[in-house]
């Protein structure tokens, strides 16, 4: 597998940073290399948050990349800000609960997932990012359900162990949504 | 017929404040700005923005301004006031800036009786850098660098700036106020006004310590932060006038 | 005719809720359905005619969102 | 042990603990706050010393004291904070005391910004404190390399009785990577610290004094000569660098830290286009790997110095190159990070970038 | 049969003191050294020499020592005491060193309640550098940087360190003494002894301020300097115990 | 006016007054105390501002404030004192404010000693504060030249809106020479300081702000590029040096300040022995007179860098020389002053001293 | 037999005169004719038998020049 | 006249620094160049003081010289410390009130003047350095009596104007002593 450059972006509070970290943790667990780099500093206060993730079975060189292989956009400003910098055969996943229908463009597969609505149906808006995670994994097949589950348990830890179940459901719901769409990627 | 009782002061620029929702920095900015307008000194005032969440205050106060290195606001203010004695010079400093790294500059400006006004925001924490312990943090208060809570044996007690500065000859006016309800905000405004009035009259060094909040790094809703500043902070930092040259 | 009336500059409101808390007549509430461009819930007045024009809400508002007028 | 994913700043803190740190004294500043935050929790838990000082000036002097007492002590800060430590650092180096200083660079000058930068190369390698002294400065390119050098740094500091500075930028401090904390550290023979101020009862018949004052100029000159001999020894023993893609390159890039990693990708891209570019990656900035430049083949068309600054390491490149090849410069500043493509272009347009 | 009543203490080295003739630095050195011997702590003591005429005290006190940058003695002391809590750590600082450039380090060491002892030599001037004004210089006192005498309007009043530090929680013992006659020298010795005793008992921060002399830069004979410290300085710096945790 | 005999430090103070200084903020330190002592008397008498700050850190920040207010302001200090000013200096340079900083070097590192030295060349030319900034640094060789440059320095600082540092050693500060205070100063067109923070009533409709914070990296990079352009302009306009005995010399000495004067005597002695030696005497250390090195005849056997340090300007000599000639080094440190005979020997035994 | 006796380590004396000043029995004086190696006038005892061994001179001596013994 | 390198040394309090400054002031007054460089710093406290003086009608280059043309030694330690570093045809003047008879050596004229005794006869030990000045000027002829008088007046200033007379007498006495000796130099 060659390196994947992934950009994740949205409002602060939408679980953007966690989404990215889960990918990096998963890479580490699967004994390949993961790199996560956040936007940081007070200017992120209230504003938008984003992070870059690189996963690769080879040594990761530049932590900075010009074009992303995958863009996961949780709100409209983020989509606008980053969609211009996509690599060949890239994938854009966006939150169609907050963003109107987007068209696919040449060499970039663009797919919307109504993660807020699905999360609300599951009864917890906070797991919207895990719905996105399910959709993302269903399309990219980057990590196994097992790996992701271990990581989520790890991140939630003792104190939030009770949330593991709903997060798993959210991931399944995300995967289901993609399956129903019937799209394939790579 | 309708009459305006309250609206945004012309002492502030149109720039949207950079503070977190419900942070008392915003309230205190208003009080200072209103005072400069009401005393008619806005156009000869020079604000010294310190390093902290209020670092951007040079964009908010509608007057000339300088941005000081962390803790050195009173040194800049001294440098300016000595060459421009006709101008009004004030600093706006957090507790990390004034009570920790900047204590020397502040004490000596006070001891020299510099004709400046210091607005001292005591929110018992380092806000800008993400919630580290301040010398003003309360015993037991959890911060990112005192994760089991401030321990007196290890960290010492919260430093009492107003009590300490009350011993300094050069201080002309010194009051500690709070901002947790309208009554106290109005009292705070009066204290700030008096401090600037004394500066206009060249009476010496004036400081107003405001018991404030940092909802984000305290991990509280703004309303709860107001309650905490009243119930937890005020007992440690009692309010009142600590020095008034006119009353001596 | 109410004693006072309040006007909100919604776009700069940060939804901190202080005005709601300190209004002595409890006529302010946060509208959980409406967001401003910055993504904050905004404040609405439930019973405008109960406003006494005390301006407590405005005094406590850190962001100078509120204009208060009184009937003279 | 299996690899773990860890944030650079926290990895620095944990590596310091593995390196045997006894005490940390510091003052908060972005983008290095996770170092003290992590240590405040884990050092105290381990019965070691963590203290947030009232300022950087105080912090470095607490370090001075604890180092004189023979303990393994460290501080960490960022650009303006390091500036405030300069006097203390000069004293510590003059008194020949070992300690670790971690510098996580942000954009400058002045208050500047908080995004990653390499604008403090001079600050690290040319002192700024007073007099003829040097820190031993390492500039790792990854969190793994940072961990490895931090673990070793206390040994190096103790061995030479000299402060060691580990210089990284905000990106290394803020990002997370998969790392291994159990890689072996070079064994060194470390004499016991019979000079430490621990009270005469621990070294009867001898008073130990940590001092940098020599009012007699002859004595002070001797001290300077002694220090200089030490720095020569350090240069001989501790010069570190990596040569990348050195079989007949057309150009040579010189870059350290984050910039070196970006350059690695650029070199791969250029390879794909059939342009062979090599790299000298200094790992020790003092001592600077001048010897590496002797290995540059005659055939090379030019050397491109790449920095996240307006050109500071450039001085050392010009000194090391000593007129042998054309030297060009590519830099970004203020927290802006180039993508590899920019370096690719810089190589292609080398001639526009020649400074000497 | 003859019995020795007084001789040079073993707490001092054989090195000849570098102080000017009749300077109280020498007297105070003896008091500190005698105390370390009498309390049996000399061999676990670490002296911090500051920058000033006493910079060479690391050559005089017969124990381990470190020489601190100007004003930072209390930071060094903190750094050492935290890693060597069983040792006795003390600083010896002049008024320029402690009250001017070093006020921040001293206040925060006090506020943290560091278990150290500070010997504070207040001679109202900068001796080492040739007689510049100190924050402790008296109103009207002529120095090389206040050649028409210290002017309150311009320089402010002499800073009162003991009065200020009395407001700090972390301070366990704080007394101001003098050295202008045998009676006061003996009192000074007792204060110093009590301060070190408190440190042995881990009671917290202890400081003794000694009203001293600088005959050379005051331009007086040693005997006259003693008189001036009594008649001119003592009224401004009243003697007494400013804080004693045991008495609270 | 006839010449007067004056002590270097007092001459600096009087020259500053002639240069129009409005305010001095400083803190005592040997060997520069006569500067504040002189000014405390004469500035106050002239209704100007003199204030002894509580520390060097405070002093440089008072300078920052007064400079922002548009006044001609200065400070002076020595080695460890300058180290403490580094953060403030970086802020002032970043905020583009004019001021004069006089540095009277003593032996280092650490507390070191108080005798004359040139060990703070890096401190002056390579910052030590954070980020990419430069001071304009002049290093006169005599009290007369010091007076001339001090008188001009406020104009230069105002013109470029940049701090100027005048760098001398304790010898120039402490000695007395026959000097003339009335030599003409170059006329410069100085725009009025419409950026000064004097209150909006003095510049209606515009808020003036002195600031160095640029949280947006793109903005901060632009600011860095702007500063860099300014430094290039300074290099073009203000590079100063003297060429001595340049008609077919066998060796070239490079020395500044006191060391240059000692070298002058050595050159005369060597002439008597029939050995022709020339000298490049940098007067501006930043900008460094690299162009002077282009004038060195091919025939020259080598360049001997002479410093009162262990070798700091040596960096700039190597960069300027860029491999063209052999470079040797002769230095004394810690306050030791060589007599001319020592430099004569160093030239005769040049080969033993070659560093590159 | 006097109550006390004093002994001076002349070479480290700096001739400050404090001992002379604080001797309650006024038996110390500065010998303006004799200098020690450092060039300072040294101190002599005029009437040794009047020494009461109070050690005030020694207590006030900054340079630990004086040894005092008492008769027990 | 070529440059003269002069070393003046003695105890603090013997007027050593003033002696050197008078020479530098005189040079300046006569419109030639004068340079004076003192030993400085706290270590001079109580200890010995010395200064270097260079007078020349050409530009003065090195402020530092290896060998002195003239050494004026007010006490024995100073003589010992500096007599080894004399130039060809040098002159050593020493205070024979404190220093035993010294022999002249090849190429260096060595002359003792009992300045303390002469000054005591004049009734003021403080002018011993001016006695030395008289002797020095009588031998070197560096500056005219007029020049020296102006400088002494300048240095003593208003406050000490009454001391001018005795200083002048001291200088004369110094000159007389040399005349009586009948030695000539250069």
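Quick notes
Letters A, B, C, D, E, F, G and H name the chains as they come in the text, with residue numbers starting at 1 for each one.
Throughout what follows, contacts are C-beta pairs under 8 Å (C-beta built on N, C-alpha and C of every residue); 3 or more make two chains touch, one makes a residue touch a chain.
From a predicted model like this one, the values you see are computed outputs, not experimental measurements.
Touch-path distance (fewest steps) from chain C to chain H is 3. Looking at E-G and B-F side by side, the one with more C-beta contacts is B-F.
Here the spacing of chain B and chain G, counted between their Cα centres, is 60 Å. Centroids of chain E and chain F (each the mean of its C-alpha atoms) stand 38 Å apart.
Mean C-alpha position of chain E lies 43 Å from that of chain H.
Annotation for chain D: residues 30, 54-55, 57, 80, 87, 91, 95, 110-111, 114-115, 211-213, 215-216 touch two or more other chains. The set of chain H residues that touch two or more partner chains comprises 41-42, 46. Among all residues of chain G, those that touch two or more other chains are 14. Interface residues of chain B, counted against chain C in their complex, comprise 1-9, 12, 16-17, 19-27, 29-30, 181-182, 185-186, 215, 221-223, 226.
Contact residues on chain D toward chain F in their complex (touch as defined above): 57, 79-80, 82-84, 86-87, 90-95, 105, 107-115, 117, 119-120, 122-123, 126-133, 211-225, 227-228, 309-312, 315, 318-319, 321-324, 332-336, 356. Contacts from chain D toward chain B in the complex involve residues 27-30, 33, 36-37, 40-41, 44, 50, 52, 54-56, 80, 110-111. Residues of chain B touching chain F in their complex: 13, 42-46, 48-49, 55-56, 58-59, 62-69, 72, 75-80, 82-84, 87-88, 104-105, 108. Those residues of chain D that touch chain E in the shared complex are 22-23, 25, 49, 51, 53-55, 57-59, 61-69, 71, 73, 87-88, 91, 95, 197-201, 204, 207-213.
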